[in-house]
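Have a look at the structure below before the remarks.
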Amino acid sequence: MILDWLVVVLLVILSLTILLARDLFWVVASFITFGLVLTLAWSSLQAPDLALAEAAIGGGLMTLFLIDSLGFSDPEQTSSAGGFPITKLQGLTALGSMIVAVPLLRAFWAGGAVSPGLGPLVEQKIELSGVEHPVSAVLLNFRFFDTWFEMTVILLAIVALQTLRGRTPRGDSLPSGQSDQVLTWFARLLSPVLILFSVYLLWRGKHAPGGAFQSGVVLGAALSVLALTGYQDFLLRSPVVSRLVVTLGVVGFSGAGLFPLVLGGELAELPSGWAGDTILIVETMAALSTGMSIPYLLVALQVPKDKVQCEERTS
Amino acid sequence: MPSFVFGAVVVFLLANLAVGLLRLAWGPNAADRVLSVQLFGTTLVAVVLLLGRVWQEPWFDVLALVLAFLAAFPALSYNRRVPTRSEERHRDSL
Amino acid sequence: MTVSEFFTIASLILGCFFFLAGTVGLLRLPDTLCRLHALTKADNLGLGFIVFALILQSQSVLESLRLLVIWLAALLTSSTASYLIGRHTLLSRDRKDSHL
Amino acid sequence: MSSSALFGGTGIIIFLVGLLGTFSLPHLLKKIVCINVMGSGVFLVLAAVGNKDVGATNDPVPQAMILTGIVVAMASSVFALALARQIAHRSGFWLLPEDREKL
């Protein structure tokens, strides 16, 4: 209980810091710490899958995207555009949110009618799903649509970013960081272990916390470490193949979702005898494509500098 | 080993982390803030390991491993910030 | 109190001490490179002693190995991170706007 | 107070702090971070409602939805960051055109 209070106090302090801090790097560092502390909140709420995903995304990957964008911004602006200028509209917003807060908090703490939730139903039907871990069962069988369209959202984000970016002379590569003995060895030691670890998480998802997304995110971290330390072959050697890997998730989910229609079933109704195997294949495809998406997101973030070069070349 | 010993250590480490937030606030360089985040990451690995023993949940070790593996990301992305011209010159002379 | 309990508590206290030292150093030392020095103590020794305490209490060899792997992973990442931060600081020290 | 009530209440507070930041901070990067904070608040409320000491068991459905949400939030934040960088590159400011006029 003391632990919960400590976590809660830290979360509120950090969110207020994000609101009030002037320095941009302070905001980003607070956000990373916020993500790390949130991991503890998920652990305390007995949501291991969320804790794993939050640790990998909030503590790892968002850092990469945010600090990368910070490096792009120039120092003079960072300090000047901080502040907390309160206009009439913003004052009203603040007042409004405080007024909304009171009934929301009251409603939440009053408790009242407690519904049993969907937990018992999931427990009852879990044998039909083909996996033993309830969260995986919901994610990949009972609410197949959610995950299907989640993969679509990731793919759409990449397509949109690539469209924004346009064609660039250097293809899908990151502007090379400094190559360096220590970094090279770090990548050589860490990324194989991370890839192995992501396979372990994928395998684990069937009966325990873990699964396609946690695995995909860890794989993505491994690939980003490689891309950041100059090992970009997997992006550059055969761009078509790498892009196909990015689409694998949507392809897998569409296949598994549409195939039952051919057999005369409902959309996304996994065949009961084959559910376990179908899920394993779909999960592997989803993990691979999530993993490959992350270096692509990072590459596609490098918009403006590449644009400058393109415009210079054409003029 | 009574689990309240581990619990006390967890509370101590989290209090430590809360005090460390001051360095996050003071800065003054970006590097100092990356340093504090690094310290928080390591503290959390310890906290998660201990909590796994207190609550008897084996998956906490997996979580600690994820945290430990990805602890280098802030420094890794910080290092990628485009170096200014003086940095380039300094590096070339090394 | 058995011998292993004594060593567990001793090494937990040592681990806490190093984490405290790391935080105090982070707050009190004058510049970035000094603070880096304080941080590495907490990273390596603080976590090391706590992992050692847990290994003493672990039920199986597998669990001990798992804890050891976690400590080694933390060592690898924290030493690389420290190197990167240190080098970056060193390289940008002669810059005027070391603000960002 | 049970821990799920505690985290749920915190989720509401964090959501409102993020909402306030999204409206009141002109800097685009801060806006994006604040939207993420807002999202985390929503996730906390959702997880607290599905927790063991509210329902009968630990409800896996909210957890699966939050997991989906975390990944989608990451993808859309990256997209938002790219748009913001585009704006910053073209105009020289991390600000929306409306906010720039006020400068």
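By letter and in written order, the chains are A, B, C and D; residue numbering begins at 1 in each of them.
Operating definition for what follows: a contact is a pair of C-beta atoms (placed from the backbone, for glycine too) under 8 Å apart; a residue touches a chain by one contact, two chains touch by 3 or more.
The structure presented is a predicted model; accordingly, all values stated were derived computationally and were not measured.
Peer 1: For the chain pairs A-B and A-C, which is connected through the larger number of C-beta pairs in contact?
Peer 2: Per the contact counts, A-B leads.
Peer 1: Suppose each chain is reduced to the average of its Cα coordinates; what separation in Å results between subunit A and subunit C?
Peer 2: The computed centroid separation for subunit A versus subunit C comes out at 28 Å.
Peer 1: Could you give the separation in Å between the centres of subunit A and subunit B, each centre being the mean of its C-alpha atoms?
Peer 2: 20
Peer 1: Measuring from the mean C-alpha position of subunit B to the mean C-alpha position of subunit D, what distance in angstrom results?
Peer 2: Between these chains, centre-to-centre, one finds 23 Å.
Peer 1: Need the CA-centroid distance for the pair subunit A / subunit D, whole Å please.
Peer 2: Those two chain centres are 13 Å apart.
Peer 1: At least two partner chains per residue is the criterion; list those residues in subunit C.
Peer 2: Counting only residues that touch two or more other chains, subunit C contributes 73, 76-77, 80, 84, 99-100.
Peer 1: Out of subunit A, which residues touch more than one other chain, so two or more?
Peer 2: Subunit A, residues with two or more chain partners: 24-25, 61, 70, 183, 186, 190, 193.
Peer 1: Among all residues of subunit D, which ones touch two or more of the remaining chains?
Peer 2: none
Peer 1: Which chains touch, pair by pair?
Peer 2: Between chains, contact exists in these pairs: A-B, A-C, A-D, B-C.
Peer 1: Touching residues of subunit A toward subunit C in the complex: what are they?
Peer 2: Within the complex, subunit A contacts subunit C at residues 24-25, 70, 75, 78-79, 182-183, 186, 189-190, 193.
Peer 1: Within the complex, which stretch of subunit D touches subunit A?
Peer 2: 1, 3-10, 12-14, 16-21, 23-27, 29-30, 33-34, 36-37, 40, 43-45, 47-52, 54-61, 63-68, 70-72, 74-79, 81-86, 88-90, 93-95
Peer 1: What residues of subunit B sit close enough to touch subunit A in their complex?
Peer 2: Within the complex, subunit B contacts subunit A at residues 7, 10-11, 14-15, 17-18, 21, 24-25, 27, 30, 33-34, 36-37, 40-41, 44, 47-48, 51, 57, 59-60, 62-63, 65-67, 69-74, 76-83, 91.
Peer 1: For subunit B, which residues count as touching subunit C in their complex?
Peer 2: The touching residues are 1, 5-6, 9, 12-13, 16, 19-20, 22-23, 28-32, 34-36, 38-39, 42-43, 45-46, 49-50, 53, 61, 64-65, 68-72, 74-76, 78-79, 81, 83-84, 86-87, 90-91.
Peer 1: Mind pulling up the subunit A residues that touch subunit D in the complex?
Peer 2: 1, 4-5, 8, 11-12, 15-16, 18-19, 24, 27-28, 31, 34, 38, 41-42, 44-47, 49-50, 53-54, 57-58, 61-62, 65-66, 69-70, 72-73, 77, 81-82, 84-86, 89-90, 93-94, 97-98, 100-101, 104-105, 108-109, 111, 114-120, 122-123, 134-135, 137-139, 142-143, 146-147, 150, 153-154, 157, 160-161, 164-165, 213, 217, 290, 293, 297, 300-301, 303-304, 307-308
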